[in-house]
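Scroll down for the structure; my scribbles are underneath it.
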Amino acid sequence: MRIRVLITGGTFDKEYNELDGTLFFKNTHLPEMLTLGRSRVDVAVTSLMMIDSLDMTDEHRNRVIKECRNAEEERILITHGTDTMEVTARVLGGAKLPKTIVLTGAMVPYKFGSSDGLFNLGSALAFVQTLPHGVYIAMNGRYFAWDNVRKNKKIGMFEELRK
Amino acid sequence: MRIRVLITGGTFDKEYNELDGTLFFKNTHLPEMLTLGRSRVDVAVTSLMMIDSLDMTDEHRNRVIKECRNAEEERILITHGTDTMEVTARVLGGAKLPKTIVLTGAMVPYKFGSSDGLFNLGSALAFVQTLPHGVYIAMNGRYFAWDNVRKNKKIGMFEELRK
Amino acid sequence: MRIRVLITGGTFDKEYNELDGTLFFKNTHLPEMLTLGRSRVDVAVTSLMMIDSLDMTDEHRNRVIKECRNAEEERILITHGTDTMEVTARVLGGAKLPKTIVLTGAMVPYKFGSSDGLFNLGSALAFVQTLPHGVYIAMNGRYFAWDNVRKNKKIGMFEELRK
Amino acid sequence: MRIRVLITGGTFDKEYNELDGTLFFKNTHLPEMLTLGRSRVDVAVTSLMMIDSLDMTDEHRNRVIKECRNAEEERILITHGTDTMEVTARVLGGAKLPKTIVLTGAMVPYKFGSSDGLFNLGSALAFVQTLPHGVYIAMNGRYFAWDNVRKNKKIGMFEELRK
């Protein structure tokens, strides 16, 4: 069972530019993270875009849907910035594809000591292998259905809209 | 849904003793790892023992089974050394408890830079939430049924006994 | 021989705010870094300010000079942002205090994996113990006299103005 | 001013063998550490041996002395296990070479999160540039003359034999 991984950027992949002190995107760290996790899951990685999720437009999201629809794989993992992850999840959920799609991300860049990225990647990869068809967000060790999730921006955690 | 976590030791929790250059056990790093992962999974942690899995005896394994049987929780995560993880999985599998039990561990201590521990914990926590009743090993981003798994000691990876 | 350490902020002490994705200052990491280095140097730390060195004004620099002049210690280490470190060094050099004063900093925040901070702190602490009276910048494993140093911003390295 | 760096092994360079859980030597991490420190010190590195300092014999020490004597450089940095660092320092001190020789090491392997290695390397590199001819140990942010130093093995710190 091969899993398609779509990279869209987000905090996951941000790096520190030591020449000007800003955060920026270069390449995805996903292959490095899978190596660190000694992952033997069969994955095929597509780097779709490398953007902050606050900059994600309808056009970007349409491209994500199109990639999910056209992918040969039935199970798809999407790395995504956390700020608008719930928006992309809703758009994907509305598309009603016969697939298991899991979005994940990180609160702290992978390259910084205190990142939650490796934990999230491990859990998202497990959820995408086991959950039934549907669109989910995997954060904080949990999974959330696309139509019942939001990021609580005050505490930086994901939660259900209703219990 | 609360998950019971049973700590038995293993590479996961080994530390470097800078006074004599040996590896040893002090306390479990599991709570620290859950904090780093920003986990919001409801867990109750029991530190059962703190041993190298090569030192695990029948008596130790009986204690693990007893804890699993007596736990109020239906879903149980066990941290365990990788060397004999498959043995404990088989013993637990033979007990046929009506529970979902997932064993996980690490190839490199959590405290060392290159550890797979956080990735494994993330995936194991996801698998224990989603898999049906049974006993599983979660390593290398994958899950394995208790009666179809072994550690390939030459490459340090887990694999099926038969496809 | 006690060394006075004056904290002014700079990249050294920047942290990542996971709620909004910005870099900010909270507390100095200097004590934590000295502990990691198992330092047994006798130091007294004063946190003077916690600012980006691009925001450092004449007033801030006057405060630094005043602290150096009034310090009981003859040997003083100053942590400082790298962008205007040479400016503060020149102002301190002009004050001609009968002391050994060493400025150091980091290109990457200490809290990020790839920081040069611990290396720089080790070298600066050694230079301040061994150099004669004067004002110096300690970066890139080297020391530079206050009147013969600049940051080459294209490569992010310090160099002599003239050989 | 070029500095000769002689590698002899020690905790500095130990790695974790994830296949059998032992600590072992592969290659020196010194070049990687100098890169992390953004060092621009002119160094020439010679990997002499890769051993635990408890295994260092008279023959090994004679080889170190010979290398120091024959080196073109006047300033020499030696990485060395901490357990017998004082012994090698005394042997080198007795040789009365007209050079500045600094020995340093680490209490925790560089590859483990909590290593003091980068701090020690920074300080040793600074001391070797600034101290007069003689043989010194650079540990804990300090330097010690070869005939007035010992490792206090109870606390894992270096100290003077007499004040």
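When the chains are written out, they are named A, B, C and D in that same order, and each has its own residue count from 1.
Quick note on the criterion: a residue touches a chain if its C-beta (ideal position, glycine included) is under 8 Å from a C-beta of that chain, and two chains touch if they have at least 3 such contacts.
For clarity, every value in this text was computed on a predicted model and none was experimentally measured.
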Chains contacting each of chain B and chain C, listed by label: A, D
Same vs different contact residues, chain A with chain B, by half of numbers used: same
Per Cα centroids, the chain farthest from chain B: C
Centroid spacing, where centroids are CA-atom means, of chain A and chain B in whole angstrom: 26
Gap in Å, rounded to a whole number, between the CA centres of chain D and chain B: 39
In chain C, residues with contacts to at least two other chains: 107, 114, 156
Chain-to-chain touches, reported pairwise for every pair that qualifies: A-B, A-C, B-D, C-D
Residues of chain C that touch chain D when the two form their complex: 33-34, 36-41, 107, 114-116, 118-127, 129-131, 138-143, 156-158
Parts of chain D lying in touch with chain B, wherever the complex brings them together: 11, 14, 16, 18-19, 21, 23, 52, 107-109, 111-114, 153-154, 156
